[in-house]
Each structure stands twice: as structure tokens, then as C-alpha cells.
Amino acid sequence: MKIFAPKEINPIETRASLDPAAVKKLVGLGAEVSVESGLGARCGHGDAAYIDAGATVTADRAAGLAAADLVTRVRQPALDEVGLLKAGAIHISFLDPFHETELISRFAAQQVSAISLEMIPRTTLAQKMDAISSQANLAGYAAVVIAASRMNTIFPMMMTPAGTISPAKVFVLGIGVAGLQAIATAKRLGARVTAFDVRPEALEQAESLGAKALRIDLGTTAGTDQGYAKELSPDQLAKQIDAQAKVCAQSDVVITTAKVFGRKPPILIKKDVVASMQSGSVIVDLAAESGGNVEGITPGEVTVTANGVKLIGLANIEGTVAKHASQVLAANFANMIEHFWDKEARTFMIKPADEIQQGCLITHGGSIVHERFKI
Amino acid sequence: MEKLIDLAYILSSILFIFGIKMLGKAESARRGNLLSAVGMLIAMVATLLYKEVVDLKLIGIGLVVGTVIGGVWAQKVQMTGMPELVALFNGFGGLASVFVGWAEFEFGKQTDVVTEVAIYSAILIGGVTFTGSLIAYLKLAGKMSGRPTLFPAQKAINAVIFTALIVLGVIYVVQGASWALYGIIGLSLLLGVLGVLPIGGGDMPVIIAFLNSFSGLAGAAAGFVILNKVLIVAGCLVGTSGIILTIIMCKAMNRTFGNVLFGGFGAAGGPAGKAVEGEMKAVSVEDAYFVLEAAQSVVFVPGYGMAVAQAQHAVKELGSILEKNGADVRYAIHPVAGRMPGHMNVLLAEADVPYEQLCEMEPINASISQVDVVIVIGANDVVNPAAVDDPESPIYGMPIINVHEARTVFALKRGKGSGFSGLENALFFRENCRMIYGDAKETIVGLVAQFKG
Amino acid sequence: METLILLLFVFVLAAFLGFELIQKIPSQLHTPLMSGSNAISGITIVGAIIACGVDAHGIGKWLGFGAVVLAMINVVGGYVVTDRMLGMFKKKNK
Amino acid sequence: MEKLIDLAYILSSILFIFGIKMLGKAESARRGNLLSAVGMLIAMVATLLYKEVVDLKLIGIGLVVGTVIGGVWAQKVQMTGMPELVALFNGFGGLASVFVGWAEFEFGKQTDVVTEVAIYSAILIGGVTFTGSLIAYLKLAGKMSGRPTLFPAQKAINAVIFTALIVLGVIYVVQGASWALYGIIGLSLLLGVLGVLPIGGGDMPVIIAFLNSFSGLAGAAAGFVILNKVLIVAGCLVGTSGIILTIIMCKAMNRTFGNVLFGGFGAAGGPAGKAVEGEMKAVSVEDAYFVLEAAQSVVFVPGYGMAVAQAQHAVKELGSILEKNGADVRYAIHPVAGRMPGHMNVLLAEADVPYEQLCEMEPINASISQVDVVIVIGANDVVNPAAVDDPESPIYGMPIINVHEARTVFALKRGKGSGFSGLENALFFRENCRMIYGDAKETIVGLVAQFKG
Amino acid sequence: METLILLLFVFVLAAFLGFELIQKIPSQLHTPLMSGSNAISGITIVGAIIACGVDAHGIGKWLGFGAVVLAMINVVGGYVVTDRMLGMFKKKNK
Amino acid sequence: MKIFAPKEINPIETRASLDPAAVKKLVGLGAEVSVESGLGARCGHGDAAYIDAGATVTADRAAGLAAADLVTRVRQPALDEVGLLKAGAIHISFLDPFHETELISRFAAQQVSAISLEMIPRTTLAQKMDAISSQANLAGYAAVVIAASRMNTIFPMMMTPAGTISPAKVFVLGIGVAGLQAIATAKRLGARVTAFDVRPEALEQAESLGAKALRIDLGTTAGTDQGYAKELSPDQLAKQIDAQAKVCAQSDVVITTAKVFGRKPPILIKKDVVASMQSGSVIVDLAAESGGNVEGITPGEVTVTANGVKLIGLANIEGTVAKHASQVLAANFANMIEHFWDKEARTFMIKPADEIQQGCLITHGGSIVHERFKI
């Protein structure tokens, strides 16, 4: 089976879908791996490293795509690149399937089996290939580091001969994987951390990392069986925004990560709350790329409000730690391929009935097979 | 019948043993007390069955009178009045032993040496217990000044009485002279008074425990007088466990027993001694435990030594234990403690000490004199009182944490090493400071172990 | 004599046992323990009963009577006070 | 003279008491042994002074013979052969008690019930001790298979012997019949053999401790035969302290005493039982301590429960203590343990667990069967053996840490709660797994306290 | 009888003392402690000496003799072995 | 006494010599404080905050300087501003007296008493005014945060379903105040830290923060009585460079802070060592502004070497956390003024014999009074 990893075309993307370690593993399985030249340039891996690991390096992207039985990518492909794939090929990447209906149709039309990384079920068994988790985790860390580097104050408490510097107050909104890692990192740096999530079990998890859980009585809130949050009712949302306003106003750093699976993230921090914050505070919005939890934030940009609050709407936040992000992402790819690998046939087996593939296989055999996206 | 009585005695001894053991643990103490009461009842009933015991009516009257007085008294006393009541009861027990010994003497059946020694001991110990407890009662009840009453030639007088008691004892045992016995009774009563008078009210609990141990021994002596096993066993149990308890209580006050007995201070609670220059007094981890165990407020003052020993985790644990034990625990951070600004903060944050418990220098200094125990963990310069009281000192004028004003200070150091500034530290020579030598982590871990053991 | 030696044995063993029994005592228990063992030390009541109950007359007997009363005060009062102390203690802890 | 002898006995009893106490602490053990030897010497010399003891020559010969045999034997035995030698010596002690009882019977002076009961006890207990120890010796020395020797109707036969011994005992005590006594001698010897045969070689140390306690009681019984105080005190001390020691040793093997005595397994050291589905066996912190104390290698497997309990600092401390105790300590981190990637890393880093001790799943699984004790701290899914052996399970195929292959597993949980996946965990029902219920931090802190207490 | 009761007292107290004396024992000390108290259980030597030394004849005396030899082996061997064990232990710790 | 705090003129300087809290304290002492308008603009304090604290705000810098009895500044003044000061005025700031001989002469000529913050003795008593320490401390923290935000990897170890990310290896060279804080911060973030210093006691201090101390036998090395290091002999230096090369090569982050009091910092990391480091590693040089410990580093710039190593030669590193840096610096100023305040006269007492002033008073009464700078 021929596996091909093209370079990312989105200019903000610094990650690579495969790193040399993953290549080595795949080659070990018996796959032929080729990568586009320059694949790892932005995350610290030269072509030579890939060659050492057993891949062939090609500059001819189109040929690579055309020859491949399986393509790995970080981001969804340009629409016109789908046509280059051969029928029966497998394509694995983030696909943003809720929005990219056009893309999905193309995949189906091209008879490509497209697997969406976003849709891998959040089961214990599937964790090794769960790229959402592996990336969110690093994003949580990076968010705190970025916040720390953009502030004109420090995180830890210091009692010094020149007076006491009080610890930074950090508020983490949304305690998923990214939120948890943000809590852990901020705690490590010595901050006082408060956290909120609509899922009650998430509050316990925050406490297990030493954060203070903000408890707001919103009535029943539900999660999906995958552990994702469901959308709040407008009433509940209003209540939440109200109850957390005071915490925000007192915080030096606010990190928002609140997402709702398959929907636009809710706006949780309105302009008036931002206006109530102290000059010099920082808000990092990890949901910015898909719309943002903070009113007025621009993905990929840092804006300073009139009252001196920095709004950091980083896009591709994992890309700031591209080397490690690529390492775990590539491991996810390799784990997935290994999981479905047929040793005899040396191919990736498409098994639409398998619990995991049922979750993440979007198109197969010329049609959209995923329940949610069937037209 | 005799056999039955003896078996009953064995049973009641066993009950006393369990009773005392259980009294030492919070969760079983009340049951322990009940058990020992049952043991007492059994012993009494068994004794009434002796065939020599004939005058049941008189005994009955005595028992009823005693029960009513004791019961009513114990029931209606205010919570706050309990300790002095215990002292009084204890005194009665001692007097009872005197009476038993005296009565046996009056019956005059015994002539052998052992019995006479026993009678002598019962009267002597019982007598001292009686008047000593009485004085303790009066002091605690506030019917007599709690201040140590010192009188001239005190030690000499006591020594004379002591000698006289021994001489009279020999005369009594050898000759059986009754005047000697009366003399012994009188002098032992006097000794009790004179012995306890010079001891301050604050030390009375220890003295009561001690006298209690004494009254146990008096009971055991009475047991030898009438050759009664349960008296010996129970008396001896009380005697020895009482001694241990006395020592434990002394330690909890950071005093030695000798100090309590002959120190002649303690009236106001705090030691009144002058600073003894030139001596650093060490204390063992175990002794420190007893003080900490009784402390209501504890302040940790960490310094560079805590960092060197990497003792922060252990310190945090000790802090939590002390809190659970009911003490108010804070961590006082001097701004220059350690070797970099915020050095202590890093370490304590790592150990997860809540920010709320961290205290800056000024607020802690404002209340330090109310603090029971300060634990200085490898800090030196930042608690050097020379900074406030020695204008010659190079650090004069630097604000320090005034730990020397706390009630008790434990200073944890490896040895006589000086701090960053290289100065001697007068704190370590103060009367209220005790050194616990050794690596700070080892010491703290040891203290934690004491609490858990 | 034989009896006496045995009593001495009993004494010695009881003494060791007394030492072993009391180990670390939390400070809140110091007073109750003292009070409880004070009650036990009222075991002199046994001697008092014998002294008071023997078939004799004179001062010895009255001393015995006094001893019974005093020891009984010690016993009853001691146990009751101890129990009250411990009762309080329980409540506080809850 | 008699008086002197008795005082000597008191002295030697005191020395035995101190000796035993000191033997329990590493730093004083050797001195304790010496002290008790001195006590023994004093008791022997005192006994020789009895005026009834006239035939000093014969005694002298016996003492010399015994000394030479015992001394030489003990000196030249290999280090590895010591335990079996102790068993043998112990057997001799038992036989000596039999002889003493028997001799008294032959002298025929006694007729009262108590003495006869005493003779009966001395012979019965001594006899069992003798042959039991002998078998233990043979098994340990490898002169007999260490495997438990099971024979049919074993329990029935033992019961018959037991009943016979009681019947014969009654007959002997009531009638003083000598045939009954000989019967008792024979049967008790037989009982010793049959009792120890079914016990595996691995359990022999416990059995020896138990028989040792027995021989102490036999001595005490012999003491009642000849009304000798020091025999009673020393025998009784050994008897009761031996029982405690036996129980302690059982716990250290994570067994109950009944299990050792009647289990009939233990030949190969490891438990051979089949997995008992449907029962989770809890164990107390104290019992777990004894197992941990004896463990050579310990692996911690933390999970989300450790995070919830915030037990990381305590875990680190327990780890350090175990290391100091000589165990090899590692922390096995499952990649999905906790609720975020690296969850355990954050916590353990906070507690300053060295990176070197962190182990990934694969390497730990390779050696897990050599691990003495795995402590699972609030982990559940990541140690669920269903992932490897139940194809029906939703987590089948996920690699787990194969803790069920370790020798002993302690699982720390609050109750019967399931993990993130909501699955039942068969691990907790395995024969080699014991639950320690309660908040993980409390439990670990409790274990630490056990080590320090 | 009186003596017997007293002996019973002694027995009871010694039993309690035995229980109290042994607390937590580090596992390395299990074997030496067992061995050491085994040596103490050789106290039967006292009974053996009396049985062997009395002014009598016949089988009883020889049983006594046997008892002396056996008990002495137990005593001497027990102490020596224990001492050797503990000696080793010391060295290992250094 | 009139105290005046002018705005900083160096464009890279973001700190202010006084913050509102310090102003309040000084006013409380009885001083008249005025500040130049915009003083705190770059560290989060508006003019209004100063006015609230009791200062007057003036836009007329020259008038302010001319009227002042005491001037506080962060950096040394422009030469021509010295002439504006009145005779007998006191001027406190960093002065860089070893290099600014011209400036010092001007101060003397102008009859100004100039106090150099660098020269405050490192005694226990003087710590409350020790600005070198208070700033170095924050610099140490900032260095780590900057390194973390510039790396494409993360600091902490993470054992995740997608493999294990090993902890970053950090090497701290020079364990003074800044080095210690850098160690603490890196440790907090989960790195493995190794550290080296020529002063043996500094190694123990590093260990007290959980770092591994690198021990190199250099023969006797000396410190001044102030705790500063003395310069190494060329032999010793060569030996050190050699011995630490391997550690550098294996490190993901190297932070250098090695200074020698009154001299140019030694070059401790040569080009060949940089060349031996892995792509993606980062070197932060805290000594860069005064010359640097790293060969090829440019103060104020980030250079990426051919082998992908980032050389970060930040200048004014404390300025990245300007608010806190100003807070502690201003506290140092206030503490110093309070220490030498005469309550009756309400003035700052110049006492050339005082141990502290002996150390830091450079000019007074028309001449250079400091031993070291006397001509």
C-alpha cells in the first residue's frame, strides 16, 4: 500500500501529518511511504530525516497524490486536489465535515474513502488515534505560554524584599482536554486558577488539577455519550454569562475553550465583560478559529481594547509547538493505520461496521456513508 | 468463696488493664472508663464477700455516703471546675490509703517487717498525696493564689522533713512505736503542703497527674499491707501509667519534670527566666511532638535550609496534620528568605500550600506574641533578633520576623552553621527557643511520624 | 513469704504493663486519662472495706469507715467526672 | 535462700521482658538477645540453688552435653540452614516440656486436679511442638518434600485424634491412669506430625513461630506443674508474643492464619487458587502495610482517582519510604490514565517524583510478573483485564497495564464506582487483588503512618 | 491454692505484657525475633533441672536428665543462632 | 523635598521608575512628588492613577528636572539633561558607572549627588533597595517564558496515548538571582534543569530548587565579598567551555546569565557549540545587553542559525513584564528613600559614611566620591 503525505497548503499550518518516527513505524508495517519534499520544514524535520526513516521524498505533489492508496494530511484538501486522487484511495485528515459539504460530495464522487479525524469517537479504545485530543492538549499548554509571554506581569506569587507580587488569576472557561491542560500549566506557573464548564463532571476534573471550580446552577446540562457538551438553552447561556462576569472582571488571564460538537462555539464573553476587565489582562480564545467564545475577537490576531485588554485570537495554536504537535498527530495517524492494518494484504482495511470507522468514515464506495452527513 | 473472690480480682485487674489502654485513644476512651468502672464494681463486690468482712452495715453506710457525695459533686460541678475536682478526689483517695494503713496499725495484728514497711509507705505516700492534692485543688479553684509561693530556706526545710520521715520510718519499722507513726502522719501531710505550695498554678495539671500516680502507689502499698492482689495490680498500673502520663504532660509544656517540681515558676504560664547567653538547648523530635500536639497556633518560618533539605512537601504535610489537630497554621515568609526573591513561594507552591496560609512579615509580627509555636525551618538571618536589638549588628535595622516573641520556638538546623550573612544568631540562645538538630526534612518527617504513630 | 514474693512478681509485671499501656496520648485526652486513672486509684476502697468490715472495734474501725467514705467519693466522683469529660469531648468532635 | 532464688526469678523475668522488647527493634535486637540470655543464666543458677535439687552431677552432665551439642551445632550451621535449626531447637524445647511433665507424673507426688491439668497440658502442647517442629525441620532442610502432603480424610482423622486427646485427658485428670498418659503422649506426637504435614514449605516460618509460641505455653504449663514462677512468666511471654508474631508474619504474606494452617497450599510460594468470581476482598491498611513492608519491588499505577484525591504528594512519600525500606519502586503511567493527556505527569512532577522512576506501559508489562506488589491508586479502566481477555468488552484490544499478573495487587478506591468507561473490572475480583477502600489520599497517608509508627 | 491463684495472676499479667510488648516488627526481624523467643522458651530448663535434680530414682529422673539435655540444646543453640543472625544483620546494614 | 520622575527616553525601556503605589508611599513620607506625563503609559499606569496617588503630573520635563531635589529614573540620563539639574540635587538611577565616565564627570561638575542602583551593596540589609536583584529576578522568569513561547516544542513531559513527549532539557549557565528564578520557572513548567556556576555555593542553591548541578573542577574560583563572581583565568574559562559543551549540545534550551561585576560578561558559548545543538533549540542570553555570553548573539534580536538554533538576545528583558518590573523597582526606590529619609527635615539624607551609600554614591558635593571611580 502506498501512503503519501503532501505538504500543507494553508500558510498558517506549520504541522506535518507524518514525522520521521511515524514513517518508520509505517514502513515497519510494510507500507510504502512517500512524502512531499519540505513536508516537515516548518516543524523541524528536513527531507533527509524522512529518507532516513524509510520514506521516498518527491517534489511532484500531483504525482504523489495520484499514486497514493492512502493520503495523510493535517487540514482538509483544496477542492481541486480531490480530483487528483484515484478511485478507492483512502484520505485521512481533519475535514471539518459539518461545514465542508462540498468537499464531502467531491470525495464521494471520486470514490475516495474519506476519514475525518474530528469524527473519531471519544472512546477509551480510540484514544490512541484521537487527534482532537492530542492537539487540544498541546493547545491548552500553548495558550498559557502565549498568555504569559504577552502579559506585562508574571504568573507566580513572589514575596520579595521589594514587596509581594500577587499570583495571576486565571479563569479557564470550558474544561475539555485543552482546558484541563491549560489549568495544569497555569497552576504549574503558580497562578490561581478558577474554571467553569457546563458538564458537572468536568468541574471535578478541574479540581483534580488543583483549580477552583466555579459552580453555577444552570439546571440540567447534558453531554453526549462521547462526552461532548450539548448546546445550552438561551436562558441557561444568559445565566452563565451573568454568573461568570465577576470572575472574568477579576481575572488577569481568561482562557476560553468552550466548544459544542458540530456547532459554532457559544459567545460566552461579551464586550461589556471585556470592558470591565483590568488594563493589561489577556484573553486567549482557543475556539477563535471556529468562531470564538469572545465577542470581538479575530482569529489569528491580537487586538488591544480601549481599556487595555489584550484579545488573543490565535488560529492554529497547536502550530506554535509544531514539532511536538506533529509528533503526536503523526502518532495518531500511525496508530490508526496500524489498528486497521491487514498484515497479509498490507493494506488499510475499510470496515464500515467497525465502531470506530462507523464514527469517522465519511465517504466510501462512491457515497456518503456517515449517518450525520447523508443527504 | 475465696477462690471466687480471687478470680473476680483477676477479672477486675483485666478490666483495669483494658480500661487504661482504651482511655488512651479518643475513640475508645469513654468505653474504657466504663470498663474500668465495672472492674471496680466487681472488685468491691468480691471484697464484700470475704468472710472476715462482717460489719456490712457500717460499710454500707460508708458506701452510700461516699457515693452520694461523690456522685452529686461530680454531677453538679461546672465544666471548668473539673480539673480541680479531680485533684480533690485524688486527695481523698490518698487520705483513704492513710486511713487503711493507720487502721491496720491500730488493729495491731501485723508485726513482720514487710507489713510495717507497707504501712509506712501507704501512710507516707497517701499523706503527701492528700495535702498535695488539697493545695492543688485550692490553687486551681482560685481559693489560693496560683502564684508559686516561695518561702525562705524552702529547700532546707523540705530536706529536714524528708530526713525526719526516713528516721521515723526506721524507728517505726524496727520498734513499731506508735509515736513514730503519728509523727509520720503529721510530717507527710506537711510535706504535701510544702511540696506543692511553690509550684505555680499553670503547672497544677502535671502535679495532679503526678500525685495521682502517687495515690496509685499508695494503694499498691496498702495492698501489700493487707496482701490484696487487686490493690497491688490496680495501684501499680495507676502508679506507673501515671508517671508516664506525667512525663508526657511535661513534654507537652516543653518542660522537664524536675523543672516543674523545683522550678518555682510557671505562675503566669510563660517562662520568666532571663536569657541564658551561651547555651543552645536541643530538644528531641519526640519531645517537640508533645509541644506541637498541644499547640493551638503554629507558624512555620521557612528559610534557605528548607530549600536545601527539599523539605517543602514534608512541611506541607506537617502543616495539614497540625490543622487537623485543631491548630491554626500559617507560613510566614520573610521577603529575603532563601537565595532568590520568591524562593520560598516556589517551593511552597510546589508543595501545594494554599496561598491563603502564606503570611507576609508585617501581619505576622503583629500577632506573633500570641503564637504558641513557631517552627523555624532552616532560616537564620531572617529571624535574627540582632536586627532589632543590637545596633552594632551589620543587619541592624532590617525588619525580621520576630519569632523570638512567640511562646515557643523550634529551630530546625543541621548544626551550628550560620546563615548567608555569617552572623551568630541570639535567637537560638533564648529561653523560649529549642534547637532540633538534623536535616530539616528528616526532622519534619520525624515529627509527622510522631503524629501518626 | 511465698505469697509475698508472688505479690512482688505481680507488682513488677503490673508495673511493666503500666509502662507499656500508655503510649502516645493526644493532648485532649491528658485530663480525662488522668481523671480516669485517678478513679482507678480509688481501688483503695478494697482495703477500706476490709479495714472497716473486720470484726473489731476502736479507732481502727472508724478509720476504716472514714476510708470507705473517702475512697468511695474518689471512685464514684472520679468515674462520673471522667465520663462527663469524655462525653463533652465526643460532642465537640461531631 | 528461697527468697534469694525468688528475687533472682523476678530479675530474670524482667530481663526477659526487656529482651523481647528490644528484639523487636533493629538497633537494640542484639543487645536484647544478650539480655535475655543473661536472664536465662540467672534463672538456671538460681534453680540450682534449690535445696531439693541435690543431684548436681547428673544435672551438670546434662548441661554440658546440651551446651556442647547446641553450641557446636549453632556455630557451624550455614547461614541458610538457620531457620530449620531454630525449628529443631524448638522441637527439643517441646520435648523437654513433655519430659518434665512426664517425670513429675512418674514421681507421682501430685494428686490435685490443677497439677494434673498442668501435666496434661505440658505433655500435650510439648508433644505437638516436638513432632510438629521436627516435620518443619525436615521440610525446611529439604529432607522431606516441601509440598503440602495431603492425604484422604485428613480433617476427619485429625478430629478423631483431637477428640481422643480430650477424652484421654479427662480420664487422666480424673483417674490419674498412666495408660491414659501414655496415650496422650503418643497421640500428641502424632498430632504434631499430621498437623504440619499438610502445610507447604513456604509457610514453615509461620508454623515455626506458631510452634514456638506453643512451646512457650508448654513451658508455662510445666511451670504450673512445679509451681515455678519464672517458668510461667517466661513461658507466657513467649506464648503470647509468639502468637502476635505469628499473626504479623501471616499478614506479611498476605494470608490469614487459618489459611496457613488449613489452606493446604503455599508449596510453591504463590497462591494457587482459581479466580473467585463475584467477591472483592478488602484488606485493612494495617494488613497491607505488612505486605508492603516485606515487598522487594513495588509499582504504583496511578489513575484519575489519585488526581481526585490529590494524593500525589502522599504517594511520593510512600514511594520514598518503600525505597528506603529496600524496595525497587516505579510508577507505571498508562497513556490514558486520568482525564487529559499527561494528567499523571503533571501531578507526579508536582510531587517531585523523579522522571527516572516513571515507566511507560510496555516496559512495565514486560516485567510485571516479577513485581511483588502493585498499588493501583484510583485507576480502573487502564488496568481492566477485560481489555486483554474479554473479546466482548468494548475496550477489548486496548493495551492495559497488566497488573493482574503481578504477585499481589492493592487497589485503592472509595467504593464500587466504575471508571470513565463505566465497565465492571474483573481485576478487583482476582485472587491476587485486595481492595483498600477509602479516599486514596487517606489510605496512602495511613500506609505512610504504618511505616513510621 | 492461694499460691495457685497468685500464679494465675502472674500468668494473666505476663500474657498481657506479651501482647503489649510486640508491636510493629520490621520483616527482617521476624526470624531473629522468633529465634530469640524460641531460646527464651528453653526456660523449661528450670523445670528440667528440678526434675533431674530431685532426690529420687527411676524413670522420672532419667526423663529429667533427658529434659535437661534437650532444653539446654534449645537454650544454648537458640541464643547462639539468634546472635549470629543478628550479627549478620548488622553487617548488612553497614 | 521635591521628587521628580521623568519619562524614560530610551525607546526600548517600558518600565517606570515610580508607580502609583510608590508615589503614595513617598507622599506619605512627606515628599512632594511630581511625574512627567505618560510616565507609566508603557507599564499600565495612566496619569490619573499617579494623580490619585498624590503626585502632580507635568508635561514640562525640563521644568520638572530643574525644580527637583531628587530625580528617580530607570536608565541613565542623556548627557545634556544633567545640566538641567540644580546643584545639590540627588539623582538615583541605573548609571552603568563602569562605562559612563563622561556622565559621571558631568554629575560631579553639576554638583549633583548621583546614586547608582548597580552599586548598591548586596548585603542583607540593603536588599529592599537592591534593584539589580529585583529586576534580575523577573528577568529570570521572563527568559523562560520567552524561551517557551519561541520553541516549537513543549516543556513538560507527557505520557499520552499518542506516545510520550519527553521533558525539555534546560541548561542554566550562571546561577545568580536571574539564573535561580529561571531554574525555578523551568522546573515549574516541567523541564529537566541542569545548571552551572563558577561559585560553588551557587550550585547548592540550584539544587535547592531541584536542578541538577553540573560540577566542573576549575580549581579555586573566587567571589567578591558581595557574592559577585570574579573573572576566571583564560585557562579556567577554556576548561569550563569545554566541559559544558556536551550539556549544551543535548539541551533544548540554554539560558545564560553569567556576569562578572564591573566587566564585560565572558563568552561562554562559542559558535561551534551552537552549531552542535539540535534544530529547534533556543538560547536566551540575559547578559546580551552588556555584551553577551554567547558568541554571535545580537542584543534585542532573534537570530536563527544555519542549523536551526534560535539565538534570543533580548535587551531590557524585564521590560516584557513591565508592570511588575516597575512595581518592584519603584518599591526599591521608595525603600531607599525611606531608609535615608529624615523625618524632621523631610529630606533624603546624603551620608557618605553610611555603608550602603558608600557603595552606591558616585558623586557628591562637586566631586566623584566613590573609591572605584575616583580619577
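To keep things simple, chains are lettered A, B, C, D, E and F as they appear, and every chain counts its residues starting from 1.
Going forward, a contact is a pair of C-beta atoms (placed from the backbone, for glycine too) under 8 Å apart; a residue touches a chain by one contact, two chains touch by 3 or more.
No experiment lies behind these values; they were computed from the predicted model shown.
Engineer: Identify the chains in contact with chain E as well as chain F, in label order.
Structural biologist: B, D
Engineer: Between 0 and 180 degrees and rounded to the nearest 5, what angle rotates chain C's CA atoms onto those of chain E?
Structural biologist: 180
Engineer: If you average the CA atoms of chain D and of chain F, how many Å lie between those two points?
Structural biologist: 65
Engineer: Averaged over CA atoms, how far is the centre of chain B from the centre of chain D? Could you give it in whole Å?
Structural biologist: Result: the chain centres lie 39 Å from each other.
Engineer: Roughly how many whole angstrom separate the Cα centroids of chain A and chain E?
Structural biologist: The separation of the two C-alpha centroids amounts to 74 Å.
Engineer: Report, in whole Å, the distance between the mean C-alpha point of chain B and the mean C-alpha point of chain C.
Structural biologist: Centres of chain B and chain C (C-alpha means) sit 19 Å apart.
Engineer: Chain D: which residues touch two or more other chains?
Structural biologist: Chain D, residues with two or more chain partners: 13, 17, 229, 233, 310, 335-336, 341-342, 346, 349-350, 352, 453.
Engineer: For chain A, jot down the residues that touch at least 2 other chains.
Structural biologist: Residues 127-128, 133-134, 137, 156, 158, 160-163, 165, 188, 190, 210.
Engineer: For chain E, write out the residues touching at least two other chains, lowest number first.
Structural biologist: 2-3, 6-7, 9-10, 13-14, 16-17, 21 - these are the residues of chain E that touch more than one other chain.
Engineer: Are the chains arranged, by touching, as a line, ring, star, complete graph, or other?
Structural biologist: Topology of touching chains reads as other, fitting no named class.
Engineer: Using the contact rule from the top, write out all pairs of chains that touch.
Structural biologist: According to the stated criterion, the contacting chain pairs are A-B, A-D, A-F, B-C, B-D, B-E, B-F, C-D, C-E, D-E, D-F.
Engineer: Quick one: which bits of chain A touch chain D in the complex? Just the residue numbers, please.
Structural biologist: For this pair, the touching residues of chain A are 123-125, 127-128, 133-134, 137, 140, 177, 180-181, 184, 188, 204-205, 207-210, 355.
Engineer: Name, in rising order, each residue of chain D that touches chain A in their complex.
Structural biologist: 304, 307-308, 310, 335-336, 338-343, 346-347, 349-350, 381, 394-398, 420-421
Engineer: Can you check the complex and tell me which residues of chain A touch chain F?
Structural biologist: 14, 21, 43-44, 46, 127-128, 130, 133-134, 137-138, 141-142, 145-146, 148-149, 151-154, 156, 158, 160-163, 165, 185, 188-190, 279-280, 308, 320-324, 327-329, 331-332, 335
Engineer: Residues of chain E touching chain C in their complex?
Structural biologist: 2-3, 6-7, 9-10, 13-14, 16-17, 20-21
Engineer: Can you check the complex and tell me which residues of chain D touch chain F?
Structural biologist: Spelled out, the residues of chain D in touch with chain F are 333-336, 341-342, 344-346, 349, 352, 355, 358, 360.
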